[in-house]
Amino acid sequence: MLQKRTGKLKRRLARMLVLSMMAGIAGLGMGCRRGFGKEAQGKVKVVASIYPVYDFVQKVGGDQVAVLMLVPSGTEPHTWEPSSRDMLVLEEADMFVYNGAGMETWAEDITQSVQNKDLMIVEASCEVELLKIDHDEEHEEHDHKDEHEDHDEEGHHHHGEFDPHVWLSPENAKIEMRTIMEALKKADPEHAEIYEKNFQAASQECDKLDAEYRAALSPYTGKHIVVAHEAYGYLCHAYGLEQIGIEGVSADQEPDAARMREIIDMAKEYDIKCIFFEELVDPKVAKTIADEAGCQTAALSPLDGLTKEDIDSGREYFSVMRDNLNSILKAFA
Amino acid sequence: MEKVIEVKDLSFGYTKDMILEHVNFSVQKGDFALIIGDNGVGKSTMVKLLLGVNSPTSGEILISGKKVRSLKDSRIGYLPQNGGSRAAAFPATCEEIVMSSLYKEIGFGRFAGKKQKEKVQKALALVDMEEKRKALIGELSGGQQQRVMLARVLAGDPEVLILDEPTVGVDAESVDRLLHILHHINIEKKVTILMVTHDIDKVGPFANRVLCLSEGACNEEALPQAEIIHAHAHSHPKGEGAHIHCANCEIDHVHDREHCPECRHCEAYHDHGHTHEVIREHVHPHHHDRGEVRKEEK
Amino acid sequence: MPSIFYYAYMQRALLVGFLLALLVACLGTVMVHKRLSLIGDALSHSSLAGVALGLLGGFNPVIGAMAACVVAAFAIEGIRKKLGNHSELAVAIVLSTGIGLAGVMSGFVKSSADFNSFLFGSIVAISKFETRLVIVLAVVVLFSFFLLYKELFYISFDEQAAAISGVPVGLVNAIFTILTAVTVSIAARTVGALIVSSLMVVPVAGAMSVARSYKSTIVWSAVISVSSTIGGLVLSFYCGLKPGGTIVLISVLWFLLLHIWKWAAGTKTIGKGA
């Protein structure tokens, strides 16, 4: 009798547990819905793919736009994938801005599957003169001992023909912002003047940044920096530096032992003082190389995903670019 | 004579439906005893009780005068059903497998010595498998595997050897060979043997004592020199009996699938919405006064 | 041609690779015969959930990983007993739970850098601290394995019979579960989950086709595992191949070659006897 009763109780408890778990999951799902809030009313609703684009849209759009970033802050964009929730956000947006040039491998899927016919799709890098991915060039020039060039080609697989990290040179940032400005003007002609004014301000800031970089780096033309992944092609191209990437252009790979050896040898040969790692990529490999080559490590941000703390503490494109400049200078000092 | 196994007024059921009721039975030193009965009649349950895996609902089982709790503190060797085939996928030699039974002798965290190695050789010799001692168990035939498993049990020098359906799943020649080995160790080594089987035509001639758990299975002509003891909790004419004993398999099945070949009937039966209680009314009362056991019907 | 031993990172990779390959092969032999082949995957994913928990809860992620691994390993043992005939499902259930938890919790971790660095340990980037940790681990695990060899043999052969014969099954299983969990959590962080989960299974599968006893199964597994690791590192160093993938592929190659050899020799395969 008693056994029967406890059995019943148990069953009831179990049922309650299951039900409450289901309710909890449902509640969690509803609570998590992301989207444009009330404050977005009357503004241009823009969905930006990654942080640099998001920041540029904010700089140009100012108070007239409500921007949402698709790749959450602090996430490595190479490994990110959109969820169905992200697609919903796009359905209610006016504009989708992405960097392009192969950065967002998923962008094409998104733009094809979205049903929002009024959605304006903007590829920010469309006016930028793209650099081809070609890191073998550097090895041929400098690494005369290297018998394994053909392996490098296989080892560092690329996700596109071009280096997508265009925003890392201030000049390109300006071009991207102009493209965004044009798009905003088209979408919201009423406030065209404001966009134009915002862009001019940002553009001047870009020129200033460019001048700072030029002045600071001109004594070091032809020098090498060792970075976690080869994201700094445009920056190096603009200021006459050479980058040595531990990994390829994509950041999500494990290095091989031969590449490690090459970099260690190069670091010693070029008397490199600092190995750069990225905030969003494991510094273990950079540290191992630094240990071996007897140099230091420092963070160098490719800006593709600032953490929430960074954004909250007021870091943005220009301040991060200035921090990067200081880090690079320390490596040469 | 010394009683090695003594079952006194034993009753057992997983639920309130008894599988075995008021069983009295004893095995004496040097016996070759059998437990026979139809499928699902409670033979394997009986073995589990003897091994101390399950405890009786009432009554008691004494092994050499002591109550069984678990096998750890008795001198019983046990060869489970299909004992050989379970080992087939394991990459070990016959020697390694036989050695594993000497665990207690060697002790926790220690290694086998010369004495243990000799014991292993002897046990393998006893079952005619000395030549194959370095062979992988998986490369042997079913009958050979079974003999290795028997050697494994014998290496521990048991006083009583309990075998569960050793004739199932083995070819006829291997059965004959096994029975002769068992006969040999029964006579020469004075090992008491208790075998669960339904194959009385083959095994019957070797047995001197039989516990018969269901009427139909007890072909007395096949048991020339045996003392036959009838006991049944709820044995019934074939077919119907199977239903009831599925009360057993319903639970038993979870632990030991192969011991309940009749459970499919059981499920079908349940599908028709009957209960075990209903079937009980169809039970034909039996009155067997022979032997030491009388079964009481409610 | 530069010497492979000239570089400290390669010295560490070779040493740590050797030790972990040895450990994982030993543990794997037992796990495969307990029908828990995928335990390496399950535990490494669970350890990732532990990392996320550590990052969220503000305690050391390495400790979080180990704790999660131990909990997951015991969960596998527990579920395995409950499921009886379908005990292999226990690993799948824990594997799914681990992936699920890690996936959900990673969403709450602010910076994916911390998180990913625990997922992608790399054999060519091992710190000095990790090297010391692996040496200690190797001594403890190999010593326990040697000491409990007989018990482990008996338990993986027939757990019930072992219990009946007086093997302290619960204790031995618990020790072994903890050792496995700690090894997987450390190894996943050090050399990567791929190497751990593969070397736990593939060398054993190769060994079983040629070994003539249980002891030689372990020896063969260790030989295959260690040679694959060293071979993979050498190839990676001289030919620029990815070390993790190369190591795993060499062990698979071993498996194939041994099976072909066995087949050509015309003898029966284990498990198909009778």
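By written order: A, B and C. Residues from 1 in each chain.
FYI, a contact is a pair of C-beta atoms (placed from the backbone, for glycine too) under 8 Å apart; a residue touches a chain by one contact, two chains touch by 3 or more.
In this text, all values refer to a predicted model and were calculated from it rather than measured experimentally.
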Touching both chain B and chain C (chains) = none
Return the chain whose centre of C-alpha atoms lies at maximal distance from the corresponding centre of chain C.
-> B
Between chain B and chain C, centroid-to-centroid distance (C-alpha), Å = 40
Whole-Å gap separating chain A and chain B, where each centre is the average of the chain's CA atoms = 70
When the C-alpha atoms of chain A and chain C are each averaged to a single point, how far apart are the two points in Å?
-> 35
Chain A partner contacts - residues on chain C that touch it in the complex = 2, 7-10, 13, 107, 109-113, 116-117, 120-122, 124-127, 192, 233, 236-244
Sort out for me which residues of chain A touch chain C in the complex.
-> 72-76, 79, 148, 151-152, 155, 252-261, 264-265, 278-285, 287-289, 291-292, 305, 307-309
Going by the contact rule at the top, pick out the chain C residues touching chain B in the complex.
-> 33, 84-85, 147-148, 150-151, 153-154, 156-158, 161-162, 164-168, 207-208, 211-215, 217, 267-274
So, in the complex, the side of chain B touching chain C is made of residues 51, 70-72, 78, 80, 84-93, 95-97, 100-101, 103-104, 106, 108-112, 134, 136-142, 145, 156, 254-255, 257
